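In what follows, a structure is listed as structure tokens, so that the remarks can point back to it.
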Amino acid sequence: MAAYIIRRVVWTVPVVLLVIFMTFTLMKQIEGNPFRKTERAVPAAVQANLERKFNLNKPWYVQYAQYVKGVATGDLGPSLVLRDRTVNDIVEEQFPRSIELGLLAFGWAVLLGVPAGVLAAMRPNSRFDYGSMLFSNVGFALPNFLVATLLIYFVSVKWGMLPTSGWTTWQHKILPSFTLGLVPMAYFARLVRGTMLETLQQDYVRTAKAKGLRRRRVLTVHVLRNSLIPVVTAAAPLLGYIITGSFIVENIFAVPGIGRYYVTAVSARDYSVVMGLTVLLSIIVIAANLVVDILYGILDPRTREART
Amino acid sequence: MRLRFPMLIAAAVVVAVALVAAGCGSGDKKGAAGDGGAKSQVLKMAWGAEPPSLDPGLATDTTSSNVLLNIMDPLVRLGDDLQPVAALAESWDVDGKVVTFHLRDDGRWTNGDPVTAQDFEYSWKRTLDPKLAADYAYQLYGIVGAEAYNNAKPAQAAKLRDKVAVKALDDRTLRVTLTSAQPWFVQQMAHHSFLAVHKPTVEKHGTKWTEPRNIVTNGAFKLAGWKHDASITLVKNADWRNADDVALDRVEGRIIVDGTTRVQAFEAGEVDALDGGGLPPADMARLKQMPEYEKYPALGTYYYGFNLKNIPDVNQRRAMAFAIDRQSIIDNVAQADQIPATGMVPQGMPGFDVIKQDFLPTSADLDKAKEFMAKAEDPKRKITLFHNDAPGHKEVAVAVQAMWKDIGIDVTIKAQEWAQYLEVLGPPPSDAVYVYRLGWIGDYVDPMNFLELWTSKSGNNNTRFASPAYDRLIAQARDTADDHDRYELYRQAEAMLTGPQGEMPISPIYWYTYTNLERESVKDTFNINLLDQFDLSKVVIKEV
Amino acid sequence: MSATQIAGRVAGVDAGAPIRQSSLWQDAWRRYLRNRGAVAAGILFLLIVVWCIVVPIVSPHDPNRIEFPDAYQGPSWSHPFGTDQFGRDLFTRAALGGRISIGIGFGATLAILLIGVAYGAISGFVGGKLDNALMRFLDALYGLPYLPFAILALAIIGTVNFWTMVVALSVASWFITARVVRGQIMTLKENDYVRAAYAVGVRWYMILGRHLLPNTLGVLVITIFLELPGVILGEAFLSFLGLGINPPDASWGSMAQDGRDAYRAHPHIIIIPSLAIATLVLCANFIADGLRDALDPRTKET
Amino acid sequence: MGRLLEVEDLRTHFFTRAGVVRAVDGVDFSVEKGKTLGIVGESGCGKSVTALSIMRLLPTPPARIVSGSIRFDGRELTTLSERELEDVRGREVAMVFQDPMTALNPTLTIGTQIIEVLRRHLGLDDRTARRRAAELLDEVGIPRARERLDDYPHQFSGGMRQRVVIAIAIACEPRLLIADEPTTALDVTVQAQVLDLLDDLRREHEMAMILITHNMGVVAESADDVAVMYAGQIVEQAPAHELFRRPEHPYTEALLAALPDLDDNGARSRRLAAIPGRPPDLIDPPQACRFAARCPYAGCGDSCALEPPALRELRPDHRVRTAHPASEREAVTA
């Protein structure tokens, strides 16, 4: 297992370098002047000064080397558009909010999605089962901009129960995290129901019952534990869902996170921010994959030997 | 066990609902309203963007500009008639190309230091410093030596710096020498690029000097908090020279970028005023019915430009300009009570009555349009129309597309995101472009700002329109101090663009307005001027 | 008798050999038909596709004609979905939007399959060090959100049209497919009939083309419907972020974007395209489930 | 000698969309204390369903015990609540399943899986339970028992896993052990060992056992009494020696005929020889004798093709359900 982990970790290095290089190359292909933000033409002198300031006048390989060096030392460079701040500043201040949003969304998903799946599986074809699966299917299919719009209209504007937008008190956080959590919630409900139904039919569950174990122990120790393994494996791809979902959710709910910055930064040609965020997102996903794989190994002993 | 899971969930739901109910019970839903007696002077407002920089040298956008103009004291503000009004400068002398400002003696930085003429000299030269690489350095190019210094190679920078003709004669006297008469220079002082910064603070904190914990300002409000992308909190500066006249104690600003989200926050009572950053056009019909709706004239022109290489025949351009139903676009698409634009220089600009041309119709004149089209030699019937993908432009383009269909022109609309779009427009514009849309919002109050765009060397002339006669007119106007004479020159220039004999390189569509939502308690005192600036020191929250 | 034919004979007597393809598919079809939800979803899906194809042809309304007096009408007999801000008939425009959304959806899904199959097949078939390298790479990228890369891709291409959208949506979405295909090929490679084919000297490309790839077809059909919802929602997200295709064309996503700003006064403009997206995604999910049950003999109906 | 388990007229049906499957349709038998009852039959004849009915482990729905009674030591099991049953299972009646590869939870150590049953029924503390678990493993013949407690099921071979399953089953010294085809999934070489182990343990712990199998050879070796099942019913029931000496039912005869030589060890691995025809569909079983379609003696002018024969006692303790028992047949065919 240890050897496997080390090998996986070692493999992430070239992949991260490749991601940086790909992003860097891609960014260089994008036309557009990060310093021209309005209709106003930028005088040549100003343009030259700006390019000098941000090292854009250097050859690409020098820029790449500088960038890789920066990433290695944890310096993602200055923002070309937000002049008072570096990419590190932006990440440090706004990324935690996105993470909080993501975790809360994940929390909804686990809190509501998993029990819904468990209950549905315990009473297959019951009304609850049909209801929760209908909800899950619909939740999965509805685009989150519609969900967000409807929630804001009814809950906030019409009934005045929660704030429409922002990210200060816990009341502010309910709607955005719920909206973002809907897809993982639906996904978990379906996944858990499926795996749980499968697990319930396993011989070892019958063995456990034949031992006379209490129903609670059979369900928690023998059924749930084994049913949740696929849920853990699904967590990494869901992270991707949550990150991309946050692009829209953060915008609609005015959450000062990092997701909506991405879109803005691409269109503003804020190269350093785009690269910083892309590299960061990639590293996070890569790390999450690693963690999930390791967790999987811990949860399912069968995979341990196979991987060492 | 059978019951535990459902019960757990039921319990969770009950708790959640209870919390929510409790939360909205205690929440201050209606903002500042609700406390009896004297109105608390706390304004809750929504800013339309995160300020990219609160450094006067680096700021380029409306939001930064508005925050800055409320926390910093400019030399001059603009009055209602757009004439300069004394602010930090109590008076000024204009002697040909030399302008001298006399500063008040009670200007104070928030750390207690007096605001001096040296501060301005330092700040302006800092903005021109090639190492700072300020985007708006060119705002100062009217000063002798400014452009040369901004262009300087590192080696010569120090030498050229001293040649910039801005000089603090003493603590309270600032003398500026201009490259030409520039009658609008004093008004330009109301622009944030001409604000002073506090030298010790800037030098001590570097790029971080604008953070609330570091910043030293000299205006009516202090920057008490700036949570990036989330909120900006201003508090009254009790030591300000005119603090007694400032009613507001605090301005709690939230940054809300999305237009619909901003409107929702307003309607839910979370904010009392928006920053005039534009309401969603698609919702305008409804918003206009609200008592909180407010509109202001703006100095701005929304226009379609023609690429003269692709549409060389002036009659086709005239035909196209005549086929556009400006009023219908305003009524049905833009919907913000804009004014149909019949020229480049917008209504409200000093001298407008002299300059304006009454050639283009406000509604479509299809007969005339077809007449012109018939006169056109080899008219282009398959053309492209480029616009950037910001909200609202698509709708106008779609409407114009339909209107031009009526004179037999097939339009392909191409939307591009902003940065890409500007690349395509040049100048010179890409050959793929036949027609493009742009807008121009004035930086300062003179028609020059709108008409110099169309000189042949202008970086904003994306039409390939190049007329030596036009260039000469503009150069002449730049040196004409007398308003009346200058306006006449502008009239001739405007005629060369949109007059009956004009080349019609552009078809103006409408002159902008600013639209806003303001709670009735502040509606009277919260006002946006022609340059999209609002002065929070004038705002009073009233009982309604 | 050619080597392939011999291999076929050998395969025929082997217990591990696949049942004749036609009967496999017939069985699957029969199993699929027994799944009522999947059948209903399939029919609804077809109806939507037919609506998208037929309505614009037969509609009395020009989808791009502007009639401001008719703007923002609610649903009625002549405009079942109402009209938009230009007075254009939304029933027709939604159908046109569906053509684009579904077209982009299938286009991008096919592109994902092509890349995924190529990558997965090479990795699984060649095996060894190459497979190891390719898979470690995939392991690391697994779950990488495709939307950032789609946005980058769109910015690079510059203009947005049907094909650039397809490219953008497929450029970083093929990781899972590649993994699935590779796994399938690896399993199939171990089958005795493949070994037998090798033993009698069948060329590798014949083995790949005749024995391996056709047997991944079932998985690929499922994958189409598994990927489709994600791609359609992805297109809607991009359009909603203002990165959609050019007017007067519109996808469901960009129609919904138009509708959001106007939702307070005219909710139908956002709701109709959103529901269209949701219905399509729902159908695709049900179809995918049905296909999986039908094509994967391991999952039995209860 | 008392009767430990009495099953009377047990009917277990499966209610499916296709119809009601009468998997067990009127089964009577009893098990004496300390004795082994072998239940033999082809797959699908209802023998496993009978075992699971006793344990009440069938998934309901679709399965349901529609009538009959199961008395264990005088206590009616069919009416017990789930909670009361939990006290019976594993403590009084334990079960060994067919496939040791799937019967153990792959994510828990075998130690955990043994200890949990000890703690559940005997209330042992962790340390005592662990010691006892090691003893149990030792008892079922797993070497280095103490160390192997922390291993996971996948680290054991099939035979070893079945020993673990058996250890779990006998952990609380149940009075009845139901072994449902305990050797079917195992390698030929270990089948005998596992059977011997079961027999030894039964004797040592004075348990009664129900041994379910499709293999006559297995029954011959270990059972005291034998019940032969066919299509959800018992068709013949007798003490083992009696049954093997004088089989009466044509089906039993066929089963025995397929068994070449009882003393041949290889016989245990032999599957039932094919009998022409198939068992009837249990959704709509024939009104008549369920074996009629395959019975070489049916249709000889008697009633068995029209009405079902009853289970009758031909000799003391030897009951058979056929119109043509061997002992009455000579006359007819002769």
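In order of appearance the chains are A, B, C and D, and numbering begins at 1 in each one.
Simple rule for what comes next: a contact is a pair of C-beta atoms (placed from the backbone, for glycine too) under 8 Å apart; a residue touches a chain by one contact, two chains touch by 3 or more.
Just so we're clear, the structure is a prediction, and the values are computed from it rather than from any experiment.
Engineer: What are the chains that chain A and chain C both touch?
Structural biologist: B
Engineer: So which chain is farthest from chain A, going by the mean of the CA atoms in each chain?
Structural biologist: Centroid comparison gives D as the farthest chain from chain A.
Engineer: Quick check for you: compute each chain's CA centroid and the global CA centroid, then name the chain with the smallest gap between them.
Structural biologist: A
Engineer: Need the CA-centroid distance for the pair chain B / chain C, whole Å please.
Structural biologist: One centre to the other, that is 45 Å.
Engineer: With chain centres defined as C-alpha means, what is the inter-centre distance between chain C and chain D in Å?
Structural biologist: From the centre of chain C to the centre of chain D is 51 Å.
Engineer: Just the number, please: Cα centre separation of chain A and chain B in whole Å.
Structural biologist: 37
Engineer: If you look at chain D, which of its residues touch at least two other chains?
Structural biologist: none
Engineer: Residues touching two or more other chains, restricted to chain B: which are they?
Structural biologist: Residue numbers touching two or more other chains: 260, 417, 420.
Engineer: By residue number and range, which residues of chain A touch two or more other chains?
Structural biologist: 30-32, 153, 214-215, 251, 267
Engineer: What pattern do the touching chains form: line, ring, star, complete or other?
Structural biologist: Other.
Engineer: Going by the touch definition at the top, which pairs of chains touch each other?
Structural biologist: All chain pairs meeting the touch criterion are A-B, A-C, A-D, B-C.
Engineer: Contact residues on chain B for chain A in the complex?
Structural biologist: Touch list, chain B to chain A: 1-2, 4-6, 8-9, 12, 20-21, 23-24, 27, 29, 50, 52-55, 58, 60-61, 130-135, 137-138, 141, 147, 150-151, 207-208, 210-211, 227-231, 254-258, 260-261, 264-265, 267-270, 417-420, 422-423, 427, 438-441, 458-460.
Engineer: How about chain A: which of its residues touch chain B in the complex?
Structural biologist: Where chain A meets chain B, its residues are 30-43, 45-46, 48-50, 52-53, 78, 81-86, 89-90, 93-94, 111-112, 115, 118-119, 122, 152-153, 156-157, 160-171, 174, 214-216, 219, 251-254, 256, 260-261, 267-269.
Engineer: In the complex formed with chain C, which residues of chain B make contact?
Structural biologist: Spelled out, the residues of chain B in touch with chain C are 259-260, 263, 280-283, 285-286, 328, 331-333, 389-391, 394-395, 397-399, 401-402, 412-417, 420.
Engineer: If we count contacts the way the header does, which residues on chain D are in touch with chain A in the complex?
Structural biologist: 55, 57, 59, 82, 85-91, 94-95, 97, 99, 102-108, 116-117, 120-121, 152, 154, 165, 168-169
Engineer: Touching chain B in the complex: which residues of chain C?
Structural biologist: Going through chain C, the ones touching chain B are 64-66, 68, 71-72, 85-86, 155, 158-160, 242-243, 246-248, 258, 260-265.
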